[in-house]
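Two complexes are shown next, each including subunit A; its partner changes from subunit B in the first to subunit C in the second.
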Partner chain A sequence: MSPGPDVIILGAGPAGMAAATRLRDCGVAVTLIDEQPALGGQIWRGIETSHNGPLENALGKDYRAGAGPAAVLRASGAELRLAAQVWQIEEGWRVFVKTGDAVGMVTAPILLLASGAQERPNPFPGWTLPGVVSVGGAQIMLKTSGQVPENPVWVAGSGPLPLLYMTQLLALGGRLAGYLDTAPRENFSKALPHFPAALTGWRDLYKGARWLWQLRRTGIPVISDVAEIEAKGNDRLETIAYRRRGGEWISMPAEVLLAHEGVVPGVHFTLALGCEHDWRDDQLCFAPRLDDWGETSREGLFVAGDGAGIGGAEAARLRGEITAIGIARRLGKSSESEAARLAKSPRRELARALATRPFLDALYRPRPEIFVPAAETVVCRCEEVTAKQILDAARLGGSGPNQVKAFTRAGMGPCQGRQCGYTVSHLLARQQDKSVGDVGFFHIRPPLKPVSLGDLAALHVEESAL
Partner chain B sequence: MFVRPFDSQQKAVPVVIDGETVMAAEGEMLASVLLRTVPFYTRTTPVSESRRAPYCLMGVCFDCLAVVDGVASVQTCLVPVRAGMRVERQHGRREVPL
Partner chain C sequence: MIASVYDAVVIGGGLHGLSAALHLARGGARVTLLERSWLGRHASGASAAGVRTLGRDFAEVPLALEAMTMWHEISALVGDDCGFHAHGQVRVAENRAELQVLEQRHSALRSLGYDHEEIVDARELKRLLPHVAPHCIGAAVARDNGAADPHRTLRAFRRAAEAAGVTLRENCGVEAIERAGECWRLRTACGVFEAPNLVNAAGAWAGEVAALVGDRIPLGTKASMMIVTERMNPLVKPVVSSVGRPLSLKQTDQGTLLIGGGVQGRFDLKKEEATVDFAALSKAARTVSELFPVVRDVRIVRAWAGLEAKTVDLLPVIGLSPNAPGVAHAFGFSGHGFQLVPVVGAAIAELVLHGGTNRPIAAFDARRLMAKEAAA
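== the complex of A and B ==
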């Protein structure tokens, strides 16, 4: 058997790329694994195949900035395992991956999870209809295929991503029927106290203000304080309906509805590995509890990037750097004091990159309706379980998320609760008058991604490795 | 629903979807192709057999599942297009051949 790497990194976005590059600089053997066939993560999707054309211009400077780090990493000597799905992780660390038809295992004493974030589950009536796509999904198609939506396109949501996406789409000549801004009006006054501290990150604020200004300038209808939305149609989206807070329902024709309510850390790996997590009320999500170097409550298991709490691409890159410095110190490549000295500058930059976060978290705090959707709303997309069925099951004695899962199958489908977990926890919290942190989340069990019996049977692992 | 208005520098290759040949860019995600191909869906669900189409495009929602080159329940948002790929929309529940 050939010796394994010193460090396995999951996720080739800004955090994983920065960590891998830094560790290679210290002479550490690194294996970097990602589901996608290329480097970049979601923020720099398709960066390695992009060219200098109108699409790249419209995607902007922050997107194009990914090309340099990708090339540097390619030349660093890190082993890249791309288009590889991780379906199981065991202490040791043993990481089981599936690449095409081949299944295998990689082992290393240190594991860094840099698998990022996902869009927050955003249930509303009709969100399963073809034609309803997440804004993040639409942006990925823009980056990888130059693909744009058409024939009345509505965007509904809150947060910087819809603004950025709409700016990019309009720069490419795309057309929008309107933007339903779902951020509650009262967010503004709650965000104001955080504004002075956010001024340290004035560049980010300026970027956001420019997107808003560009959107306003196009004259596209922007409807504010939208409390509820619905997607309707037979086999595919035909109409959307929306209601402003305290207002009447209004219907509009639509072929595409792009929806978004912020992003949350992907916690499936850390939950499955039994790491300690905290409920983050500022970002309305669970996040793994980490020390100053990004190490979880389990020794040798680190987290960097948006999986550590939402901070954006620049913060992710810096957390990747800091965690790599911490890992190099753990591996004896540098002393305690040297590591502290090396981390000084990235820590200072990280504080700057996170300066706008409390302001943005408060300004774009999701509307309460997405956490306690109307009774007939499908909450679990995979098993088609409604909010009412979840509440009924909880009333029958299924007190926690796992009992509700057993009663209703919510969370048992192929996505394994990635699209319903938070909604189930919020529904139970509301019904039982508890905090979501106290209700907790589904138990996450292997396989972490579906794997066929054939794949399992073909798994060849030497006995001595187990 | 979705269109691809730009001249791409990627090579155009044929993909067969439910027997129909459509052109796609080599290396783009199969899910993108399905979202611009009539009748704009990838699968029907095992529970109510209602239609679903790619929703998240980043591997977390599993609504873009289809049969790709004979393999069922493939996440088409993670599969780059290759020339001659054969795709079938996936209907209802899967069965285990015994």
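== the complex of A and C ==
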């Protein structure tokens, strides 16, 4: 058996790639694991197989910027385990991986989680109907196969991603039926005080403004200050309805609806591993508590990238760098003072990359309606549990998320509560007049991803072979 | 600080604590139950909820048979059927030697006058379990056995206890216990309580509680792991176990498979945590996929481990404390306490209210364990 790596990194997006490259520079043995068959993460998905074609042009300059780092990492000597699904992590950092039909385990004294963000759960009446997809899901199809929906699509949501997606969609010849902008109008005045500080990141602001301008120029209906949406249909989406703040319900036919209400750090791994978390009211999410080097409350377990708090691709790359410097220091590859010196410049750049954040967080702060869906709205789609069932269960004496889970089965399905966890916590917080931070989140039970009984049975053989 | 005074304080909000509290309150006592975290947090909420007389230690059989009768009328006790279905329990023999073990046990039971188990051949086994692997040659069966829904059972006992007048207190850990005249005085996270009677149903931490009243009872810990899968087509109706290897398999009303049987996870009693060890859990996955090859592609959705106390002889401690007046113990069920819940609560209530019980609990006296410790 060959000795394991010094560091395992989960996630080959900007953070994981930067960290792996930097650690290799320091002579650290690295294994980088990702679900996708190639490097790039979400933002640079498919970058290694892309050419200079219409798709790459449509995806834009920020996308094409991933090609260089991917090539550098390939040449770095990091062990890459791609198309590999991590389904469980145990203490001592035993990482259980499934690659094709093979299940196995990699161990290392240091684990860096760079597994990014997930779309914020966004339940509304009819969101589980075929024809309703998340913008993130649609963008994955676009990046992997250049696919755009055949029929004109409605986009409903807020944040940079819908704007970016719509720009990319139009560039690839897709058709938009309209954009229901769900960012509350009052956000604007709340964001304004953050604007001067955000000017440091004027390039990002300019990008956003340009997307919006391109969209307006097409003459597609853009309906602002939408407070509520509903999807209706028998077996699939047929109609959408929306209501502007203080306005009446308006319906129209629709075949595809793409919805999105921002992204939140993926905290399932860190929650499952018992790390301390804090409630971030600015981004309305939980995030692992980290020190200056990205280390969690559990020794040897680090987090970099959007999993540490939403900051975008550039911030993720820089956090990857800084964390790698911290890990190299931990491994004795550099002294305390040398690490501090090396981290100086990336820290400065990180501050610049995060300068627009308070402005964007305030501007795209999700409307309150998504956190307290109407009584009959399905909250847990795996187990088909409605908002009303959750509130009823809590009233009957099971006040915390875990008791509600036991009573209603919400969060017990294959997605492990990734789709309903926040909604359940928000519903309980509202009902009990507590903060979401005090209510907490589901206790995350393993495995972190579903694994078959046959796969688990095979693990035994693997281990005895070690 | 002024103490709240009760006739009895139950320590531990698992099913055994709830059952004892319920029976005590029905018997006319003023009862409060103190739970350090939330009701059913550990073994009770993590249970496979098997309702089984099959394969029990002979010492437990009489009590288990009475409990089985109670399970068949569980609605009368707690106003809900607790999701109990009597689809039977089947203990599979994979070879001649295993079948012989079952047959020997069966004739020993017969000679004691028990007829709740029967031996079936390969053909009847195939009828009971159509998907079982063909190498299985027979089984022991208890047809009136089955399984319940643990969360539903918790909810039912909780509601019944409250309806009977029990004051349930969650997030209320006991910090100290001292003698105060004829009473016990408990300092807790939610105030001071006094009562002449205590019930120790503190599960994995029952040894610590016993020590607070002066009983040194050596206990081990179990962190039995469970797997639940995604929903699948009907696979089994009875609960299945195996003679030769640790396994318990059942299919829930939702169609998910619940797989356990005693494979042990890791635990930390101080942190009140049990964690899953997948390398160890793979044994259970291997057993179930060898006995039921059709499940190989079924995905595991969750796994967990529940904490409880185990004794050296794997029999529970049920009875009055040999040292501390008015204290009754009910713990150490060693992985098979769920079925006994209704009857043990009744026995504990008798002990507390009348000072004795006719139920056969002599084998569960704490002194058998304390003597061993003293001798060691």
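Worth pointing out:
Rule of thumb we're sticking to: the second predicted complex is superposed on the first by the 457 of 466 C-alpha atoms of A that agree within 3 Å, B and C clash if a C-alpha of one lies under 4 Å from a C-alpha of the other, contacts with A are read in each partner's own complex, and residues count from 1 in each chain.
The working rule: contacts are C-beta pairs under 8 Å (C-beta built on N, C-alpha and C of every residue); 3 or more make two chains touch, one makes a residue touch a chain.
From a predicted model like this one, the values you see are computed outputs, not experimental measurements.
Within the superposed three-chain model, A:G53 lies in touch with subunit B and out of touch with subunit C [touch as defined at top]. Applying the stated contact rule after C-alpha superposition, one finds that A:E248 touches neither subunit B nor subunit C. With both structures placed on the common chain, the touch criterion links A:G137 to subunit B but leaves subunit C unconnected.
In the superposition on chain A, A:P450 makes contact with both subunit B and subunit C. Contacts of A:M412 after superposition on the shared chain: subunit C is touched, whereas subunit B is not.
When the two complexes are overlaid on their common chain A, residue A:D433 makes contact with neither subunit B nor subunit C. Partner contacting the larger number of subunit A residues, of subunit B and subunit C: B. In the superposed pair of complexes, A:Q88 makes contact with subunit C only, with no contact to subunit B. Residues 413-414, 450 of subunit A contact both subunit B in one complex and subunit C in the other. On the side of subunit B, the complex with subunit A involves touching residues 1-6, 8-10, 25, 27-29, 32, 35-36, 39-41, 45, 47-48, 50-63, 65, 73, 77-78, 80. Within the complex formed with subunit B, the residues of subunit A that make contact are 35-37, 42, 49, 51, 53-55, 83, 85, 118-119, 128-134, 136-138, 140-141, 144-151, 172-173, 235-236, 255-256, 266, 381-384, 413-415, 418-419, 450. Chain contact summary for the complex, subunit A toward subunit C: residues 88, 90-91, 96, 105, 274, 396-398, 400, 402-403, 406-407, 409, 412-414, 416, 445-447, 450-454, 456-460, 463. Residues of subunit C that touch subunit A in their complex: 38, 40, 45, 151, 154-155, 158, 227-230, 254, 259, 273, 275-279, 281-283, 285-286, 288-290, 295-304.
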